[in-house]
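One chain, chain A, links the two complexes that follow: it is found with chain B in the first and with chain C in the second.
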Partner chain A sequence: MNRYRIAEILTGIDRRIIYLSILLATIIPFLVGFPQPIYVSKESRDLYNWVENIRDGSTILLTFDYYPSTLAEVEPMSRAAIKHCWRKDMKLICMTTVPLGGPSITERVMNDMATNWAVEELGAKKIYGVDYINLGYKPDYKAVLMGMGTSFRDIYPTDFRSVPLDSFPITKNVDKYSDVNFLYIISDNGIVDEWVTIANRQFGIPLGAGVTAVMAPKFYSYLQSQQMVGLLGGMRGAAEYEKLIGSEGMATLFMGPQSLVHLMIIFFILLGNTAYFLGGRKV
Partner chain B sequence: MNPADSSLIEMSVAGFLILSIFSFLYKDNPFYRLAEHIFAGLTAGYYVGLIYQTVIVQQLTIPIYREGKLELIFPALLGILMFTRFFDRFSYLSRISLAFVMGNTAGIFLIQQLHGLVLPQTQATIINPLAGSWLLGAVPGGMIIIAGVITTLIYFYFSKEHKGVLGKTARVGMVFIMISFGAHFGYTVMARLSLLIGQVKFVAFDWLPRLIGVN
Partner chain C sequence: MHDLLSKRLPMMLAFFAGMVIIVAFFSGHPTLTNFRSNMQVWVSIIGGFTLLLGVVSITSVNYRRVRKLEKDWPYKLILLISLVVSGGFGIFQGTEAGTVYDWLFQNMSAPMMSSMFAMLAFFIASAAYRAFRARTVEATILLVVAMIVMLGRVPIGQVIYHRLPEITEWIMNYPNLAVQRGIIIGAALGAASMSIRIILGIERTYMGR
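Right after this comes the complex of A and B.
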């Protein structure tokens, strides 16, 4: 069999066989286990250390800036961030700039963590309005981000459930960025740019972000310019944070299939290039 | 969706729609199109309801009627003018609203980009390449940043033909850009796979076992 014939066979592989291989590589690690060592990167450790060094009981602004389509990647980050903050008895002011699903994701994750995880891990429920609050969504994110620098109440006169902010102990002394100690962004879109350029640069609030892997390379420049204290990039970043807080969750579990599928993709890339070089212009 | 809190019916709807969308990988089919149309319709309906509640009700009618904020009538009028586009005779009036939006956005955007992005990023590039430790990679890292910024900027300098030293420098800039694209592609693959893994776990290990009574 000459090299042109081999190249023809390789380039003729049905794409559906590749899809099936990827599916199998995703399922098999769940069945037989494929644990991977997790090495913590500097940017994840920096974010962890920053939060760790904030005084216990401080107030954190936590965002849920992601759509339901990226839940698998970013929800583990939200959960890890909440665990870390609540172990330090921090107060969480939650909000979203995403209309489609953002408010309900915030509500679901916060309620689940407050009633289930907090009882198991901390021995007591976290109370809505005392330990956390969900401000929900308001349209026109630029106006929201800028307005919150002057007064949270101008933008959010009520919480997600239409109860006035003044009736909650958690927001009693909080009305602008300077009243919170840290901005923790979990996002799957370009809103991080707005948070950096408005909340950090114009109002001086320190911030860190957990973002989808697609977004991560873009935000490394904010680490270099020290506009961001740390960064979690994709599921790997979430798994690193889970390791740092000593609580392995979904992200750690998902690293097995992810690693195997990556190996599979590298194999297919090599196969494709082999076919290209064997076949030259003839194939 | 959190499987522990969901009913079998909710999970089955989600599972069916996930499989319908994935069925496109085999070929286009009615199940895929059904799921696509449901998604488009739901999104449009959800947005209409959400914007009505969060803008019209919470930020306009309640403040005007209950709090007496009559100044909000002005932005409301600007909003109404946008609808004049549907009538040829009065459509020019919508330009007033558009002009307001454009002027406002341009002003905010200019300051935000200059103050929040261009200046700090430029400042972060003005570094002493020899400061720091060779062993920890600070010096090579600083030099790579400076070389990357300068050569990439030269690549996008089109006022002179890319020949000689300029051409070679631009080519180095292109290498930096390609490396950046490679990093973006790698991260994108990782992101998309994360989503696939999440959906596969839901279908194969949360929904199907519960559907057939194994779980």
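Right after this comes the complex of A and C.
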């Protein structure tokens, strides 16, 4: 068999075989387990340390700026962030700039954490309006971000359930960025740029972000310029944060499939290039 | 009169709105700051109406196609039914946990969107196999760096070579950062110049011109 024939075979792999390989690489680690050591990057550690150094009981603005399509990648970040903050008895003011599903995701995750995780881990439920609140969504994110610098109540006179903010203890003394201690962004879109340019640069609130892996490279510049205190990049960032808070969850579990799928993709790239070098332009 | 309403008035409004925001930000004058704050609330309200406009638009376009039984009309009918059902329950019953809207969202919309996104992994693998070739020096560098980062960003990379995560961090912090910063500065300058053009009435595409 000459090299052109080998190259032809290598380039002729049916796409269904590739799909099946990816499917198996995703499923098998769930079935048999695939534990691996988690290396904690500097940007994840910096974010953890910053939150750790905030005084217990402080108020944090936590965003759920993601669509349902990226739930698997970013929801573990939200959960890890909530665990960390509630272990320090912090108050969480939650909001979203995403109209499609943002408020519902916020509601589901917060209710689940407040009623299930908090009882198991902290021994008591977290109370809506006292320990956390869901402000929901308002249209035009730039106006929302700018307006919140002057008054939260101008933009959000009521919470997600249409109850006036003044009736909740958690928001009694909170009305602008300067009244919260930290902005914790979990996002799957370009809103992070706006948070940095508006909330951090114009109003001075320190912020950290958890973003999808595909977005993370863009935000390293904000880390170096210290406009962002730390960054969680993709599911691996979430797994690192879970390791830092000592609570391994979904992200750590998902590292197995992700590792194998990455290996599989690299394998197919190498296969394609081997064919290319063997067959040249003839194949 | 027509020229005033269709051209001059929108330009004057754009100039006024843009200048107020800029002057209020740099001057910090309380009256202007207060006015700016009000304007931001107006923008949010206008944003709400644009959502309504979107619903009206999608309904009229799809209704017309269903009525004429045009190509793929059953899908458009499903879209309209979904819009009416989820929208109706959302408006009349609310969107909080436990409502029908919330059930529809958590059990239908979210899984469907997640599935669409999950399929990317399959397409990326297939596309990378067919198209990601080391044809030139630049493509080879990109390919090698991409493979290092792909491995370095997952725990198995550390198992294969213990310094791979550090190498990945270096790539992200230096070569990647240099490029990203250039893009960000370029985009910011572009946005600033576009804003100035809109405020001064040079750029009028927002008026449909």
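FYI, the second predicted complex is superposed on the first by the 283 of 283 C-alpha atoms of A that agree within 3 Å, B and C clash if a C-alpha of one lies under 4 Å from a C-alpha of the other, contacts with A are read in each partner's own complex, and residues count from 1 in each chain.
Heads up, the rule we're going with is that a residue touches a chain if its C-beta (ideal position, glycine included) is under 8 Å from a C-beta of that chain, and two chains touch if they have at least 3 such contacts.
Remember, predicted model here, so these are calculated numbers, not experimental data.
Asks: Touch test for A:70: chain B only (first), chain C only (second), both, or neither?
Replies: In the superposition, A:70 contacts both chain B and chain C.
Asks: For A:129 in the superposed arrangement: first (chain B), second (chain C), both or neither?
Replies: neither
Asks: On the superposed three-chain arrangement, identify whether chain B or chain C touches more chain A residues.
Replies: Chain A has more residues touched by C than by the other partner.
Asks: For A:206, is the partner it touches chain B (first), chain C (second), both, or none of the two (neither)?
Replies: A:206 sits against neither chain B nor chain C.
Asks: Let me test your reading of the model: by the given contact rule, A:19 touches which partner, first (chain B), second (chain C), both or neither?
Replies: It touches chain B and chain C both.
Asks: State whether A:279 touches chain B only (first), chain C only (second), both chains, or neither.
Replies: A:279 contacts neither chain B nor chain C.
Asks: Does chain B (first) or chain C (second) touch A:38, or do both, or does neither?
Replies: second
Asks: When the two structures are overlaid on chain A, which partner does A:108 contact: first (chain B), second (chain C), both, or neither?
Replies: Touch status of A:108: both partners.
Asks: Is there a shared patch on chain A that both chain B and chain C touch, and which residues make it up?
Replies: After superposing on chain A, chain A residues 19, 22-23, 26, 69-72, 99-100, 108, 138-139, 142, 146, 193, 202, 213, 216-217, 221, 224, 233-234, 236, 258, 261-262, 265 contact both chain B and chain C.
Asks: In the complex, go through chain A and note every residue touching chain B.
Replies: 16, 19, 22-23, 26-27, 30, 69-73, 99-100, 108, 112, 137-139, 142, 146, 158, 193-194, 196-198, 200-202, 212-214, 216-217, 221, 224-227, 233-236, 254, 257-258, 261-262, 265
Asks: Using the touch rule from the top, collect the residues of chain C that touch chain A in their complex.
Replies: For chain C paired with chain A, touching residues are 25, 33, 36-37, 40-41, 43-44, 46-48, 50-51, 94-97, 102, 105-106, 109-110, 113-114, 116-118, 121-122, 124-126, 128-130, 132-135, 143, 147, 150-151, 153-159, 165, 169, 172-173, 176-177, 180-181, 183-184.
Asks: What residues of chain B sit close enough to touch chain A in their complex?
Replies: Residues 1-2, 5, 25-26, 43, 46-47, 50-51, 54-55, 58-59, 105, 108, 112-113, 115-117, 120-121, 123-124, 145, 180, 183-184, 187-201, 204-205.
Asks: Tell me, which parts of chain A touch chain C in their complex?
Replies: The touching residues are 11, 13, 15, 18-19, 21-23, 26, 36-39, 41-42, 67-72, 99-101, 103-105, 107-108, 111, 138-140, 142-144, 146-147, 150-151, 154-155, 160-161, 193, 202, 213, 216-218, 220-221, 224, 233-234, 236, 239, 255, 258-266, 268-269, 271-273, 276-277.
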